[in-house]
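What follows is a pair of complexes built around subunit A, which joins subunit B in one and subunit C in the other.
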Partner chain A sequence: MLDVVVAVVTTALTNGALYALATIGLSLVWGSMGMLNMAHGGLLALGGYAAYTGSVQLGLPLPLAIVFAMLAGAAMGALLHLLVVRQLLRSSGAGFETAVMIATVGISIALQNALLLLYGGQPLGQPFDVPGSIPVGAGAVPWLNVTIVLVSVGVMAAASLLIARTKMGRAIRATAQNRDAALLMGVPVQRVYLQVLALSGALAGICGVLVSSITQLTPTLGADPMLKAFIMCVVAGLGNLPGAIAAAFGLALVEAAMQFAAGARWGFPTLLLLVIAILIWRPAGLFGRARIQRL
Partner chain B sequence: MSDATLSAEAPAAAAAGLPAADRSWTRDLAIGLVVLAIAAALPFLIDSRYVMGQIILALVWASVAVQWNLIFGYAGIFSLAQMAIFAIGGYGCAMLSHYFGWSVWVSIPAGAGGAMLASMVMGLACLRLSGVYVALLTYAIAQVIYLLIVTDTECFYYEGASCRQLTGGATGFARFGSFGTREWLRGDWIMGNYGIVLAGFVLTLLMSWFIIRSPMGLAFKALRDNPAYAVARGVNRFHTQLLVFALSAFFTGLTGGLYAVHFQAIGPDVFSMTNLLFVLAIVVVGGVGTFWGPVAGAVLLMLADEAMRETGEFRTLGLGLIIAAATVLLPKGLAGLAGDLAKRLSSKG
Partner chain C sequence: MPDPTGAAVALALKDVRAGYGGPDVLKGVSLEVPRGCIVTVVGPNGHGKSTLLRTVSGLTRLRGGRILALGAEIQDHAAHRRAAAGIAHVPQGDLLFPDMTVLENLRMGAYLERDAAQEKRRLDEVFALLPRLAERRTQVAASLSGGERRMVGIGRGLMAGGQVLMLDEPSLGLAPLVIEQIYEVIARLREQGRTILLVEENPARVAELSDVMHLFDDGEIVWSGAPDDLMNREELLATYLGG
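After this line comes the complex of A and B, so read on.
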């Protein structure tokens, strides 16, 4: 019995940390730009493959390979802003929300397919690995899972410090609160958007490395964490960072418990039913305050 | 609402409205006749069975795109479950014919009814929410249905020694019935199938035209132009959206049934992201919220798809880039481009 509990809690904590990391990348972009980045899963996959390239093909040491993955994600995020988002902000006005969603769906598919063409469809092993495990009672917790949780928490702490304490973070928060006022106060809003997308890309890059270390490297590896991250975002209320992290751990626990109790295929459907129920009960999300919308 | 009352109201609304609305009514009729004439002439001009097959596929895509344009372009619901609704129609038809031996002529509308019901349940859960939330939930629901079908390994019955699942599992269903065109037209059976799918397409197009011209269409226009005023005048957003969600799902499911019977097979691959993306691309390239946009988009993207088939593996990559480029460069799509060109020409002349 105890070993099952250890296994469920280990899975829940690991997945929760990964979902949370994927979620804050999404939530950051949504909160500050009102943009749902459907290419986030593609960025995750890009990060995973970039670490593989850095470590296996270029022979970099692992920490540098992870930095390489973050740089690749950040560069792609910046590129996304320069080529797509900036143009759409200028041209589509009120239709920005849906236009950017459609455009990023296209980018995501193109990115995944480019990875498929470059690396082939065979799943590759992620070189990032920590061998061994800690015995806990009757079960065992692999060191890899512990590392994933620690790295995720560390990255999230760094990101929140960046947003709370730096000048760049203050500009991001100002833009998120009121774009026009920030613009009038001399905040370079376009540069803030560029920074937000690059930051979110870097977060996606490291998240992709961690996700592929417990699964495998495939071009679609980001799709599942992204879908779950979306759900966490929605449950918590879009743009609410602490809420999203809490939702990520909570829902990961429900999912892991359900997978052990009823079989792996029922984990996600249960999660979804729960989410729909929550949304019918509280349409603005668990921690979201109902906004009074100006029509 | 029956078609008769809708068609009686549509010209009346157009006549009472602006002269521009009147012009677009005759314009739609003119374009429709030209499209129909081309469609009727095609079987006499084309000998190749492969080309006819591709044209049938284009009609299927155009029908699905017209329906998606109705719910996204006009009703403003960004639903990502369109291919799931299509698949439910196809699966419904295949399963009814497979398990109960129903004629496909009965099981296609029955499957469409099933798709409509599924869509209404989905709508009840999603439509009270706004934009992005709807997109996420519909996408997640479609993904769950797909995962449940693909991971279905429980044997429902045995076919010889092989195990078959209730939902067809990862392989799906095949040879559950046909239109009967092979017995009837022998070598020219594909012409028969073409006619049937074309009829479905025309039906779909007419239905969407009547909805756009009906009071419901006016309600959507009102909700889009000034939501506060529309709601104050008694337009119920939730009810109108739910109704159009259900109606469009019926015809999407019907198209799914026609697709399944034409190819005599349906499998979980219809749920794939690439298919959904293709529909999205058709509408975005053609012009969101324009009546003829999806039709033009379907023709153009089928041609682009044929051209990219030569390059094989770059197909999906190209499709993704086309979508991103079209949203950035052609915000109003082909139809918007044509409209701008016409305006420029008439202002010069």
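After this line comes the complex of A and C, so read on.
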């Protein structure tokens, strides 16, 4: 019995950490610029492959290969802003939310096919690995899972400190809460958007490395985490970062428990059922609130 | 146009036109705000007074004309660069950062200020002028009363240390007692020699404060002059403001 509990908790914490990491990148972009980035999964895959290139092809040490993956994600996020988002903001006005969603679906497809062309369709092994495990009672917790959780939590803590404490973070929050007011304060809103997309890209980059370390490298490796990230965002209330992280760990636990209790194929339907129930009960999400503006 | 102080012009609009896709809302507006003066634009609601301020701060796109801040043309600058040029706009509806505390909102006002000591000095000034904000400094903006929100908006505008403070209907939606408090604050700002472009609906409320008044109707300035002259012209007030 104990070994089952250990296994379920290990899976839940690992997946929860990965979902949370995928979610905050997505939620940050949505919360600050009203942009649903459908290419977020593509950025995850890009990060995974960038670490492979850094480590296997360029011979970088693993920590540097991870930094390389984050830089690749950040660069792609910045490019996304310069080439697509900035133009759409200028041209599509009130239709921006729809336009950017469609545009990023296209970018996601292009990104996946570029990876397919560069690396081939055969799944590759992610060089990032931590061998060994810690025996816990009758079961064992692999060091890789422990590392994934610790790295994810560390990265999320760093990201929240950046947003809570730095001047750049204040500008991001101000822009998210009231774009016009931020402009009146002299905040260069376009530069803030660039920073947000680069930051989100870097988060996606490292998330992709971690995800592929427990699965493998394929051009579509980001699809499942991104789908889960959408679910977490919706459950928590779009744009709510702490809520999204809590939802990620909570739902990962439900998913893992269900998979062990009823079989792997019941995990995802259970998640969806829960989402439907939560949205009926609280349409703005678990921690979301309908905005009340006092005059 | 009368210029009571003879000082340099802090803000000048020359034949400014603007709109929102349809016909022009501003149909060629020219006015000057001399340094150290309070210039007031009064007129009925829905005739473009807010658009006037939004066009100066860059939130509404200019269609024609020129805007000069301390003599430098700023009409082609993006909104965030106009703040750097010294335009501090306290917009209608306050537009606070709802999830930030009072202190964070005020500090956002000084976003462009790189000198921390200068920011601290301005914060002390704002708290001296609006002591209620010091009491509420850790409270989230969304939880404030209407009057307190207005004070945060004004305080945030002052934190920028700009050349011109533009106040858009500071009395809007407030109880009479609170309106009095807000106008006491504006009177204090006048004593400090601030340069203010003020927009109001009710001329009686601002006549005492103003150096120059402009009567604004349907996107145009229809009369300009000293406050006393306007208040003595009953036919003007009756025509444009319904008495």
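Annotations for the structure displayed:
Quick note on the criterion: the second predicted complex is superposed on the first by the 291 of 295 C-alpha atoms of A that agree within 3 Å, B and C clash if a C-alpha of one lies under 4 Å from a C-alpha of the other, contacts with A are read in each partner's own complex, and residues count from 1 in each chain.
In the analysis below, a residue touches a chain if its C-beta (ideal position, glycine included) is under 8 Å from a C-beta of that chain, and two chains touch if they have at least 3 such contacts.
Everything quoted here is computed from the prediction, not taken from an experiment.
The superposed arrangement places subunit B and subunit C next to each other on subunit A without a clash. In the superposed model, more residues of subunit A are touched by B than by the other of subunit B and subunit C. In the superposition on chain A, A:A110 makes contact with subunit B only, not with subunit C. In the superposed model, the vertex angle subunit B-subunit A-subunit C (Cα centres) comes to 90 degrees (nearest 10).
By the touch criterion stated above, A:I102 is placed in contact with subunit B alone, subunit C being left untouched. Of all C-alpha pairs linking subunit B and subunit C after the chain A fit, the shortest spans 15 Å.
The contact surfaces that subunit B and subunit C form on subunit A in the two complexes overlap at residues 295. Interface of subunit A with subunit C (complex): residues 167, 170-171, 173-174, 177-178, 180-189, 291-295.
Subunit A meets subunit B in the complex at residues 30, 36, 83-84, 87-88, 91-92, 95, 97-111, 113-114, 116-117, 223, 227, 230-231, 234, 238, 264-265, 268-269, 272, 275-276, 279-280, 283, 295.
Those residues of subunit C that touch subunit A in the complex are listed here as 57-59, 78-81, 83-84, 88-89, 91, 93, 95-100, 104, 107-109, 111-112, 142, 145-146, 149, 156, 160, 173. Across the complex, subunit A is touched by residues 72, 78, 125, 128-129, 131-133, 135-137, 139-141, 143-144, 147-148, 151, 226-228, 273-274, 277, 280-281, 284, 313-314, 316-317, 319-325, 327-328, 331 of subunit B.
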